[in-house]
Amino acid sequence: METSLVLQNLLSPPVLFFFLGVLAVLLGSDLEIPSPLPKLFSLYLLLAIGFKGGVELAHSGLGGQVLPTILAAVAMSLVVPLYSFLLLRTRLDLFNAAAIAATYGSISAVTFITAQSFLGVVGLPFDGFMVAALALMESPAIIIGLLLVKLAGPQKRPDSGAMGWGSVLREAFLNSSVFLLVGSLVIGVLVASFSPQGVEKMLPFTDKLFYGALSFFLLDMGIVAAQRLGDLRRAGPLLIAFAVLMPVLNALIGVTIARGLGLNQGDALLFMVLCASASYIAVPAAMRMTVPEANPSLYISTSLGVTFPFNIIVGIPIYMLLVKQLIPAG
Amino acid sequence: MKRLDLILSERELQKVLQVIDAAGAPGYSVMRHVTGKGPHGAVSESMDFSSLGANAHVIVFCEQETLVKLRDGIQPLLRYYGGVAFVSEATPL
Amino acid sequence: METSLVLQNLLSPPVLFFFLGVLAVLLGSDLEIPSPLPKLFSLYLLLAIGFKGGVELAHSGLGGQVLPTILAAVAMSLVVPLYSFLLLRTRLDLFNAAAIAATYGSISAVTFITAQSFLGVVGLPFDGFMVAALALMESPAIIIGLLLVKLAGPQKRPDSGAMGWGSVLREAFLNSSVFLLVGSLVIGVLVASFSPQGVEKMLPFTDKLFYGALSFFLLDMGIVAAQRLGDLRRAGPLLIAFAVLMPVLNALIGVTIARGLGLNQGDALLFMVLCASASYIAVPAAMRMTVPEANPSLYISTSLGVTFPFNIIVGIPIYMLLVKQLIPAG
Amino acid sequence: METSLVLQNLLSPPVLFFFLGVLAVLLGSDLEIPSPLPKLFSLYLLLAIGFKGGVELAHSGLGGQVLPTILAAVAMSLVVPLYSFLLLRTRLDLFNAAAIAATYGSISAVTFITAQSFLGVVGLPFDGFMVAALALMESPAIIIGLLLVKLAGPQKRPDSGAMGWGSVLREAFLNSSVFLLVGSLVIGVLVASFSPQGVEKMLPFTDKLFYGALSFFLLDMGIVAAQRLGDLRRAGPLLIAFAVLMPVLNALIGVTIARGLGLNQGDALLFMVLCASASYIAVPAAMRMTVPEANPSLYISTSLGVTFPFNIIVGIPIYMLLVKQLIPAG
Amino acid sequence: MKRLDLILSERELQKVLQVIDAAGAPGYSVMRHVTGKGPHGAVSESMDFSSLGANAHVIVFCEQETLVKLRDGIQPLLRYYGGVAFVSEATPL
Amino acid sequence: MKRLDLILSERELQKVLQVIDAAGAPGYSVMRHVTGKGPHGAVSESMDFSSLGANAHVIVFCEQETLVKLRDGIQPLLRYYGGVAFVSEATPL
């Protein structure tokens, strides 16, 4: 059964197209998804996942496990960067340690979506409020990352406009992916509550295309991740080990919390994936602006070149096995 | 007249344009989606799906006086965030 | 019931996504739909609406109200710029008055589409030939605009190639949005008449995606419209008042004509929207080329920054209330 | 019945949108599908056709006619350039003759797709393995083209890195269109064999949108082909005649082979179209790099400006008539 | 050799390229999607979904003689529609 | 300092960038999607759906010494595949 779960994931179209993208780079094919087409797919995925999550949230309401789960998710996005930072600081300078720590406190929406698809394939249900948890985990880690730099960093650091709290908070809460995800979630709630025909008419767009668009986007992610492999040499074996082991540790903590919260198996997997995934969209962009002293090739190549492939290829089915062991079935 | 060529990350573009406006330049032109390599490493368009963006190329045709004002605003940005700025001669057609 | 109509419109996905775009700009989010993705949606919407209109036109034929309605629509696109010009000329120079007048004589396809979606939500049918009216109202206003400049303008204006009638007519009848809309309409008629399986195979593309694509495009339109708000200060309160009151006046004239023509409620609303909407695609592009003396920020920001949001947010439900009062049901 | 087949093809949406694109250029409309949107459609079409072909291949297996058909297809892609070269060499220099010959040995995926749509309309089935034949016919012609230049060409040609066999083979087998087509085919086989739910979830993306996306892409192809018409004057009447007659000759040889192989009517038409079509994607890109001495406007404008429109407008229905004569019905 | 840099609205691009061709320039290069600011205000890509377009940047490497011919054709266009044109020295590599 | 402007087909871009790297230039910037016309005819973006691509514009700011090394690597490529390369003076801002 264990190999079957891994195989089922490996042989799903999204993961196979990810491999195809990696292969294109390794073999030297000139296949590319020219800019801004990847942005089209990424905007679409955020809009669709937000809208659908909002619709489901409107149906389930805010009672029961919803608030505790969301609070636990936000707490994880605050705590993970702290212990990641302490660990990384033994090897890296302040700036790089803080930037990587923030990256691992935040989440990867595409990993979450791939996990949802996986749940669809293995036939386990999950709740719409997990999308709210996803949306709320992106921002706190950014703020923790910058707080670390401010508190532990040199006092004579140029504190120009870019460094002001105003622009940090804007970067944290209004960056395009958080904004579109939260906005679509709210729209989903409103439409589902007040004009249900609107939901009907959006579904062919947000549902039917979703799996294909995810596959297409993962084809590009495979290309981009493989292009990052060269940077990994510079990152060194310890950082690579961090990029594999930290997600596993976070997933273990995640499954314990999920058990404590009494989440069902589907939601527990998603909760683990939120803890285990690292951001390669919102956080790198914020760190590039607020902590330019850190080296982007370090935090992008660990999260995008190691953790992301690890999670979608073997992480998700492994976490599923843990879920099956530790979380009582439906 | 002088011609100023600036190449820097798209993320800092707004700040640089504000400096150019403030210096009283008669205008500017911007080309985005510029890739390249410099002391801080390679910049590609492959992260364009995130908001990380690539580089921008800014051209300003202006008088020598404006250039002096521009220097004070732009050099600290380039020193902190990276990027290059070069001046050459230009005659109106 | 009145508030319910307004709310039903406000809480539909397309309008909510328009608000989300506006909010992104107002709050300073870096959300953007990078070029040429908005063009993809705009080309898609024109192609889909043209094709579907053509298919319906083939079924309904040219009898009955079709020709009178189309003639009335074209007449409105000739008359509206004339009285708009006389009004605007009291405040503005010749060139700006003519350019804005032409803008209001022409139409906004996206406003029309939003009105169609609204009709879908309130469950009122409408006819395919209204798309033909839409297509035929874009060009005449452009020609009137330039005639006004030629007749009322200085004789020593440089009459270079760009100003020749050849390029004006090309701009009026062959600009990409008119051309694609009319072309898709004709293709829709041909396919529906001669190879009905072709209609079947196009429907998933032109129908199912439509609502989602419209929502996505309106997200961008919200961003673009909000970016124009700054220009409005320069335009001044009188021009802003014009941009709200002229559509209402034109809608009132429109509903009277629709009543005279005996249109059903759905077609009457669409007819009003055609009269009330202003162009921000074909006409601005044509004016930029043929009347460069006019200030684009004036005619674009009035039509796109005021009239367009006014129409899709409150105009459409208000016009619907008028329709319910003045046009006999079914 | 003969005119009806021609008409049915002419009045299908994809072909009508192709005409619309041609018309846009001829009338001087500014309609354009800005880059990289055409690339989006071309990537989508390759991915979808590969995936669907792979799924069908998994169901039919490799027995029976599959291997003989694929071998015959590859043989044609080796032989066609040879006799094309001998013919062209009587009029053209070595480099141009070799480049055009390679172009005609390879295939046009869009022509193939249009033929599949045509079969859908006339209601004839076809097999998934024909996509494998399509995928395998792109590369050999590239290699033959370069072999001709190497063997028949001047010995003192600069043999820099670009000319090495390594980069030629990469160009032939790993160019983006071959790579994506073969990759999607393999993914289709794997998914259909091991995770059938994955097929279910991809279908709305790869199937429902297909016809509309093809129409959209052909709109752009019409624009591009018509822009090439100017180059044709330079190409001269003999090359234009070649671009019409060579496809017909290859189609005739193709139908003979198809009869020998015992293919059904649908597969026979596709086989003819593979033989008759010329590449305007993979081969021109490869020739531009490996034989820069040849004039791209010659090989692109013959294949894209003449052979492609000829095939999709009149070629396909004519080949169908031949199939009806020569191939026994199912 | 001389280098001419032209920046103007995409809408007038065809006209300018015809002038360049007619002047007998040995070639030219065009970059589209240029944004900017000048005496006529700001130009962004946000109206790109319409046919209004943004600016284009044209580079021509040519002899002084060609430049003289170019001036007569291009200056009236720039004066009427806006845009800038600057010349500088350039030596073949 | 010197400024080198290279315009050539996107297909040869990788080769040229390797030459620039090998010559020890401190950096470079690349703009793709450049169209144009030259001795080998017109280059448009209309074939962009194929991998034929359009042109690229490469800018290198470097010392005179680097330029000499660049010349040897780049001139054969331009002669064989087409494209132009021009040098002008540039002063750091």
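Points to keep in mind about this one:
In this document, chain identifiers A, B, C, D, E and F correspond to the written order of the chains, with residue numbering beginning at 1 in each.
The criterion applied here is as follows: a contact is a pair of C-beta atoms (placed from the backbone, for glycine too) under 8 Å apart; a residue touches a chain by one contact, two chains touch by 3 or more.
As the structure is a computational prediction, the values presented were derived from the model and not from experiment.
For the pair chain A and chain E, chains touching both partners: B, C. With contact taken as defined at the outset, chain A and chain C are each touched by D. Rounded to whole angstrom units, the spacing between the C-alpha centres of chain B and chain F is 20.
Per-chain Cα centroids separate chain C from chain D by 41 Å. Averaged C-alpha coordinates give centres for chain C and chain E that are 33 Å from one another.
Contact with two or more other chains is made by residues 30, 34-36, 39-40, 175-176, 204, 208-209 of chain A. Counting only residues that touch two or more partner chains, chain F has 31, 33, 48, 51, 88-89. The list of touching chain pairs reads A-B, A-C, A-D, B-E, B-F, C-D, C-E, D-F, E-F. Within the complex formed with chain B, the chain E residues making contact are 4-7, 31, 33-39, 55, 57, 67, 70-71, 74-75, 84-89. Remark: chain D residues 35-36, 38-39, 41-42, 158, 160-162, 175-177, 217, 220, 223-224, 227, 280-282, 284-285, 288-289, 292, 295-297, 300 touch chain F in the complex. Those residues of chain C whose C-beta lies close enough to touch chain A in the complex are 7-8, 11-13, 16-17, 20, 23-24, 27-37, 40, 117, 120-121, 204, 208-209, 211-213, 215-216, 219.
Within the complex, the chain F residues that touch chain D are 9, 11, 15, 33, 41, 44-53, 76, 80-82. Residues of chain E that touch chain F in their complex: 1, 3, 17, 21, 26-33, 59, 61, 88-93.
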